[in-house]
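There are two complexes below, and they share chain A, which is joined by chain B in the first and by chain C in the second.
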Partner chain A sequence: MTVTLPSIATRRSLPGWATFVALTALVASPVIVVVSSIVDPTESMWSELWATRLPGMIRDTITLALTVVGGSLVLGTGLAWLVTAYDFPARRVITWLLVTPLAVPGYVAGFVWLDTLSGPLGARGVRSIWLCAAALVVTLYPYVFLFARASFKAQGADARDAARTLGVGPTRAFFRVALPMARPALAAGSALVLMEVLTDIGTVRLFNVSTVADGVMRVWFGTGDRGAAAELACLLVVSAATLIALERGLRRGARFSTRPSERPSSPIVLRRGTRFGIVGLCVAVIAVAVAVPIVRLTDWALDARRSGNAQTVAGGVWHHTSSSLTLVIATCVVCVGGGITIALLARRRGSLGRLLSRLASLGYAMPGPVVAVGALITLAAFDRIGLVPNGVVLVGSFAGLVFALSTRFMAVAFQGIDAGLDRVAPSAVASARTLGARASRVAWSVELPAARTSVVAATALLTVDLMKELPITLLLRPFGFDSLSVWVWQATSESLWEQAAVPSLVMVAVGMLAVGALLAALDRGAEVAS
Partner chain B sequence: MRSPRRTRFGFTIAVVLAALAAACGGDSKNDGASVTVYTGRHYGIEGVFDEFTAATGIEVRFTTGSDPELRERLLAEGDNTPADLVMTADAANIELAAAAGLLASVDSEALTAAIPSELRSADNTWFALSRRLRVIMYSTERVTEPPTTYAALGDAEWSGRLCLRPSTHPYTQSLVASLILHLGEDEALRVVESWVANDPLYINSDTDILKAIAAGDCDVALANTYYLPRLLAEDPSFPVAISWPEQDSTGAHLNVSAAGITTSSPNREAAIRLLEWLATTGQSTFSDANFEYPADPNVAPASALTAFGGFVADLAAVRELGRLNPRAVEVLSAAGYE
Partner chain C sequence: MNSPVTDRVNDHVNDHVALRVEGLSKSLGTRRIVDDVSFTLSRGELITLVGPSGCGKSTLLRMIAGLEPNDAGRVFVDDHDITSTPPERRHIGVVFQEGSLFGHLRVDQNIAFGLKHLSRSDRTSRVEAMLELVQLSGVARRFPHQLSGGEQQRVALARALAPEPRLMLLDEPFASLDEVLRDDLRQQVAEVLRSTHTPSILVTHDRHEALTLGDRVAVMRDGRLQQVDTPEVVYDRPSNRFVAGFVGVASFVPVADGSLAVVRPHHVTLTAGGDDRVVSCEFAGATRRYTVRRTDGSTVVADGPTAGGLSMGDACTATVVTDRLHCVAVDD
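And now, the complex of A and B:
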C-alpha cells in the first residue's frame, strides 16, 4: 500500500528546503569557488603546460591510477575472499590486521620503504613510479577489502551452494558467482582508492612521480596563480566523475539481488598445508603494510630517545595528540551531524535533493590543498562581510579549520549514513507519519536508530581519514595548533625520520583502534556507501 | 517510552557538543605584548624567539608552513590577518609577498645600519637576516677536480653522477633566476638543459642529497652550505666537501632568510622590535642556530663555518630573484627539469 501525505509535506517543506539548500551550499562553497575559475581559463598556463609538463603528468597519473586501482582490486578482493570463504587459525585477528594498513598514511609507509629500500636499490632505483604504486596499494587496498568482504558475507551460502550443486568447484564458484555479484561493492571500493590516488600529494612527491595533483601544487606555488591551479584541479574532478559515471553506466542493466542471504555461509575447512599457505600470505601482506613500518618507526623513535634528538615542533607528544583528537572529534561531530541532516532532507526531496547532496560530496574528489584554498577564500569572504559578529575572525580559527575539513570529508559521513537509511522500510516511515508523527520525530525514532551502526562506521572511517589529513590542517590551523600529521610533515620535509617516528606511531595506533571499531560496526550490519 | 540505548546516544552527543564548545571557547585573542610570526623557516626558530622573549618580555607566537602557503594565507586574510611579521627561507618569496602589497615599509636606523643595502628591498619592506649559499658539493672520495661553475655541472663528465633538488623547490628556482640575470634567458636555458641532459637524480631534500653523495649514488650536487656542518657534526669524516662556484665571475649564488612587517600588523611596534633584535643582538643566535652566515657582515659566522674558508658571494642578484622567479619557473619547465 502506498501512503501519500501531501498536506503535511507541503506545509512543512519551506523551512526544510531552506535548511537543506543552505547546508549543501555551505558545504559545497569551497568547491564552487574553485570550479568557477574554469569560466575564465588562463590560456597561457594551459598552452605552456601542454607544451612542457602536462603530457607527462597525465601519463604518470593514468599509470599510477591504473596500477594502484588494479593492485588494490586484486589484493583487496583476493584477501576478502580468503577470510570469508575459508577457515584458518586466528581468522578474526588476521581480518582486523588486514584492515589496519588504512591507519598508516601513504606518506609514512612511503618514507619508511624509501629509506629501507634505498640501501639495496640505491637512491636512484628507489625513486620509481612502481614503488610509489606499491606503497599506495598496500595502504589503500583495505577500502576494496572492506567492501568486498561485506559483499561476500551478504551473499551468504545460497547462491554459491546453488552453483556447487550444479557441479562448479570452489574456485570457479568464486569467479562465476561471488565475483560478479560483488561487482557494485568492488566498484565502490575502487572509487575510494581512485579518489585517494588522484588527490595524493605526499606519497607521489617522495618518489618523484609527477601527477596532475602534484602539478596543481607546482602551478599554484611555482607561479602564485591560484586561479590557474584551480583550473588544473578541475581536470581531476572531471576525470574522477567521468570514470565513476562510466562504471555506473556499464553496470546499468546488470542488477544483483542484494537481499542478505538467510543462511550465512560456513567457511570451508582446508587441509593443513593450504591453511598455513593462506595464513602465510596474509601475514606477508600485513608485514609489508603495517609490521615493517611499525618496527622501523619504533627503531627510529628509540634512536631519537637515545640521542636526545626527540624534540618536537612545540610542546610534547601529548600536545600534538590532543590537538589531533580535538580536531577529529569536532570534525566528526560536524560531518556526522551534517551528513545525517543532508541524508534525511535529501531523501524527501526527489531527484533535485539527490543532485544537491551529490554537490555536497564533491569536495572528496578535490586534492586537499585545493579544498584548503577554496575554504580560505570562502572564510575570508565571511570575515569581510562580518558573518560572525564581535570581530571574531574565521580564517586561522579552530572553527574555520573544522569547516574546511568538513567540506572535504562530509561525503564520507553522508555516503555511509545514506546507505544505512536505505534499509529503513518506506512503509515504516509511512506508518509513523499516518499515526501523526512529525518528520523530525520519525527521523529521530524510526530512521536514525536503523542507521545507528552506519553512523558508527562513518565516524570510524572519518577518524582514520582525519588522523592522516595533512594539507588542509597545515594551511588553516590556528596558532599553536600542531596536529600529529603536521609534526610528521615538518620532520619529514627535513628528512628527520627520527623525529617523525613518535607522532607517526601515535597516528597509526589511534587509526588501528578506529579500524577495529569500523570492523565491529560493519559486522553488525553497517554500510559505508550506497 | 524511550529506550535506555537511545537516551545514552543522546547523552553521548550532548557530552561531545559540550567538549566542542569548550574547545572553541579557548580561541580568544591574546592581549598584552606579543608578536605573531608566519615563518617559512623552521630550523631551531623556537630557541631564538625564547631568547627574544627573555630579553624583552614580548611573547612570540608563530606558525610554520612553506613560503608560498603562508603568502596565500596572508592574501586571504587581508586586513584581518593576525600576522605581524613574515619570515621566509628564500629571497624570491619575500619579494613576491612585498609585490603583493602584503609588507609595509619600515623606517629604522638600526635595520639600515645592520643590513647592507643589497640585502634589503629598495623601499625597506623586507630585510635579510642571514645569508644562505647554494654551492657545488662533491664526493671527496671519487672527485679530485670538482666543477667551479654552475654551467660546468652540465659537462658530459658528470653524466649520471649529478644530484639536484626538484624544480618545485624555491632554492632551485632562485638559483636559476640568478642565472637568467647574469647570462640572459637563452643561455640560462642552455645551462639548465645541459644539467637535464646529464640525467640527474632528483632528491627533494638537501640532507638526502648529501647523504646520496656519501652513499655513492652521485658524485656532484647542488646544495645549501648549512646542511654540511649538520652532517659533519654527526660524523667528522663525512666524505663531502664544498666547491665554491663562480669565484672568478659573479660569486656563489646567495639567497637569504628574510623578514618584513605586514601591512595590517596589529602589533607593529613590538614586531619592529623583534625585527631589529633579529638583525642586531640576535644575529648570531639566529644565524648560528642553522649554521647560516649572518646578514650583517660585521657579525662573525659560527666557528664551524671557518673550515669552509672565505668566498665571493653574488650580492647583486638578491633583490632581483623575486622579479625573475616566474621566468625561472618557465625555464625549468622548458628544459624538462623535473
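And now, the complex of A and C:
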C-alpha cells in the first residue's frame, strides 16, 4: 500500500494570505492597467500612426529583435560551450571577463563605437540598424552565456558520453545532444535579451532606429497622452507574450533537465593552436565589448579634466552617483524583500500560490516603457483615492519611482530566490517542524540560509540591471533627480560624448563589481546544489 | 599483495575472445585508480565486475569504452587494438547508471540515435524489434521522464544494443532502483544479453548481483583485479582474504600452517551447551544467524533453525571441520 504524504500542513493564516494577495496585486497592477487600456482604443491615434510611422516602427522592432536575439544566441551559446567543454589558459578569468559586457549599457557601447568608427576610423553611414544590433548583441549576449553555461555544466557527462558510445563524434554530440538539452536555458536567456531589446530606448535613439519603445517615448513626450502611450505599449506586450508562448508550445512534452549527473564533464584539453584560437576569440569579444569602451571613456574623462572643468565634473559625479546608488539600494531592498516574501508565501500555498507568484513576475516580461506607463497610471489612481494620507503625492516622487522599478524587477529577485529555496530538501523542513519550529522560524533558520547565495546573486543581477536602467527612471523620476543613466542619456542625445564619459565609467565600474559578485554567487550556488 | 589473477576460461583460444585488456592503468595524481589490469572476455560471456565503491571499476569500464584516457596498457576488441580509437568508433555499447537518456527525444528517437547509418525503414523496424526485446512496445512515443526508473533503464539497454555493438558495458545499471524492481530487471537484462549473444561486462557493488548474474565474476579492490573466475570458484576458493569476505559471509579461523581457513556459515555446526558463547543472533527468515565467540578467541558465524534456537549469551559449542576448508594467507 502506498501512502501519499501531504505537503507539510500550515495553517492558512489570514494575515499571510492578505499580505500575499496585496503584494501580488500591487506588483502586477501596472501591467494589468496597460493591458486593460486596449479595451478602449484611441482610434484617432491608431489611424494616424498606422498611416505614418507605425509600419516602420513594427518593421524596425522585429528586425532589431530577431537580429539581436539571434546574434546573442550564437555568441552566448558558442562562448559558453567553449568555456565549459574545453580547457585553455586563464579559463576562469576569461569566463568572468566574458560576463562583464553586462556592465556596459548598450547606449554606452553604442556612442563609443559611433565616435570611434566615424572619428578615428572615418567610416560612413554608421548610424544603421545593423550597428545598433551589433552594439546590443555584444552587451546583451552575457544573459544567454550565463544560462547556457549553467545548463552545459548541469548536463554533466553522461548524456554526451552516451552519444559518443552510440557513434557520434564530439562536435555532432554538441549539436544533437548538448544544444537541444540546453534549449529551455537558451530560451530563458533569449527571453531576457528580447525584453532588453524591446525595452531599449537609449541605443536605438543613438542609431536613429525608431522602434515601438522609442515610439512610446515620443508619444509620451510629444503629446503627453498617457492613454495613447499605454496602447502603443500594449503592442510590445503582445509581441513579447506571443514569442514566449510560441517557444513554449514548440517544446511540447519534452523535458530537458534529466537528473543532474554525478560526473561533471571534464573539459577537453586542446592542441596548442586551437587553444590560442579560442583565447584569441574570447579576447576579441571582450575587447570590442568592454576594453575599447573603457579606454575611450577614460580618454574623454582625462580630456575633460585637462580642459579645466574638473571641478564641475567631480561635483556632478558625486551627485549623480549618490542618486543612482540610493535608487539602486532602495529598489534592491524592496525587490529582495518582496521577492523573499512572495517566494516563501507562495510555496506554502499550492497551485493558487504558484499562479499568484507568476502574476507578480509578469512585470519582468514587460518592456520598461510599458511598466513606466502602467505605473504612472496606477500611481495617479493611488493619489486620487488618497492612498497615502497628508496630501503626499506619489506621482513624480522617489517612492513612486522605486515602486515602478520594483514592479518590473521584483521577478528577478523572486525567481532567483525561489530557485534557491527549491534546493532545500523537504525532509529538512519536515525535520525542523518535528523539532518544534514554527513556520516562521523554519523560514528564517532553515530555508533562507539555504537560499543565501541566491539572494546575493539576485541582488548583484538587480544592481547590474538597475544601474543601466533608463526608460522607467527617465519617465518617472522626481523633478531634479538625475541618475548616472539619465546624465548619459541627456549628454548623448546632444552628441556630447565627453560629458557622458565620466558617468558611463562609473556605471561600468559598479556594474563590473556586481558582475563579479554575481558570478561568484552563481558558482557557489552550483557547488552547494551538487 | 601481488597474487596472480586466475583466468581459467578460454584464455588461450583467441577465436573466442571478444575483449582482451592488457596491463590497463590509470593514475590521478599519485593515486593509482586502475593498476595493471589484464583479463579477457569471451564471446557471449557475461562478466560481473564487483568491488567496493571507489575501487576503480567504473574507471576501468570507461577506459574500455574510450571515455577516459588510459596511462598505460592496451585494449583489443576482436583482436584489433582499439586503445587509441575514439569512443564513437569503438562499437561498444554502454548503459550508464541513470539519467543518460536524451530528455529531449522520445523513447523511439532515443533508440534510433545510434542508427543513423540505416535506411529509414530499417531503422524503424530495428527500433520496433529492440522495443519488443525489452518488452516496452507500448511506450515508443513517450518521453523518458514519463517512464519509471526500471523502464528508463530498459530503454537505455535497448538504445545501447540497437547498433549491435561488439560488446556491452553496463555501469551499475540497477543502482538507483528499489530492491524488488532490481531483482526482476536484472534477470530480464541478463536474458536479453544472452539472447543477443552480446559479450558484456556488468559493474556492480552488490555481491549478490555479481554472483547470480555472471558467467564469471571479477573482483576488484584498490584498482587491482583480485580474482576472475566462475561464481562457484570465487565463493568456494577465494584467492585471498578480501575476496572471501567480499563475496559472502565468512569467518576466518587460523589453521596449523599459519594461514586462515575460510569458514562459511554452512561449515559450522552449532549445538547447545559447551564453552562457546552466542554473542549475537539475528532473525533471517527460515534460519537464525548466530555469531559465536569460541574459547580460542576466534569468532565464527553460523546458521541455525529459527524455532527453539539459542539466544544471546547462551552457552554452545561451534564445531568447525577445518581440515577440508579452503585457506587464504593471513596478511592482506
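Note that the second predicted complex is superposed on the first by the 448 of 530 C-alpha atoms of A that agree within 3 Å, B and C clash if a C-alpha of one lies under 4 Å from a C-alpha of the other, contacts with A are read in each partner's own complex, and residues count from 1 in each chain.
In the analysis below, contacts are C-beta pairs under 8 Å (C-beta built on N, C-alpha and C of every residue); 3 or more make two chains touch, one makes a residue touch a chain.
No experiment lies behind these values; they were computed from the predicted model shown.
J.: First (chain B), second (chain C), both or neither: which does A:Leu475 touch?
T.: Touch status of A:Leu475: first partner only.
J.: Check whether A:Arg91 is in contact with chain B, with chain C, with both or with neither, and answer first, second, both or neither.
T.: Once the two structures are laid over each other on A, A:Arg91 reaches no partner at all.
J.: Could you figure out whether chain B or chain C reaches more residues of chain A?
T.: Per-residue touch count on chain A favours B.
J.: Quick check for you: in the superposed arrangement, does A:His319 touch first (chain B), second (chain C), both or neither?
T.: In the superposed model, A:His319 contacts neither chain B nor chain C.
J.: Counting only touches as set out at the top, which of chain B and chain C does A:Arg358 meet: first, second, both, neither?
T.: neither
J.: Which partner does A:Ser495 reach: the first (chain B), the second (chain C), both, or neither?
T.: In the superposition, A:Ser495 touches chain B alone.
J.: What is the contact status of A:Pro449 with respect to chain B (first) and chain C (second): first, second, both, or neither?
T.: First partner only.
J.: Which partner chains sit in contact with A:Thr165 here, chain B, chain C, both or neither? Use first/second/both/neither.
T.: second
J.: Just to be sure I read the superposition right, which of the two partners does A:Val177 touch: chain B = first, chain C = second, or both, or neither?
T.: The answer is second: A:Val177 touches chain C but not chain B.
J.: Which holds for A:Lys153: it touches chain B only (first), chain C only (second), both, or neither?
T.: neither
J.: Within their complex, state which residues of chain B touch chain A.
T.: 6, 9, 13, 16-17, 19-20, 23-24, 27, 36, 42-43, 46, 61-66, 68-69, 71-73, 76-78, 80, 82, 96, 100, 163, 166-168, 173, 201-205, 207-208, 212, 215, 217-218, 326, 329-330, 333-334, 336, 338
J.: Any idea which chain A residues touch chain B in the complex?
T.: 48-49, 52-53, 118, 122-124, 127, 205-206, 208, 210, 214, 217-218, 220-224, 226, 313-314, 326, 329-330, 333, 373, 376-377, 379-380, 383-384, 393, 395-399, 449, 452, 474-480, 490, 493-495
J.: Quick check: in the complex, which residue numbers of chain C touch chain A?
T.: Interface residues on chain C, with respect to chain A: 62, 65-67, 86-94, 96-105, 113-114, 116-117, 143-146, 156, 159-160, 163.
J.: Hey, which residues of chain A end up touching chain C in the complex?
T.: Residues 157-159, 161-169, 176-177, 180-181, 183, 253-262.
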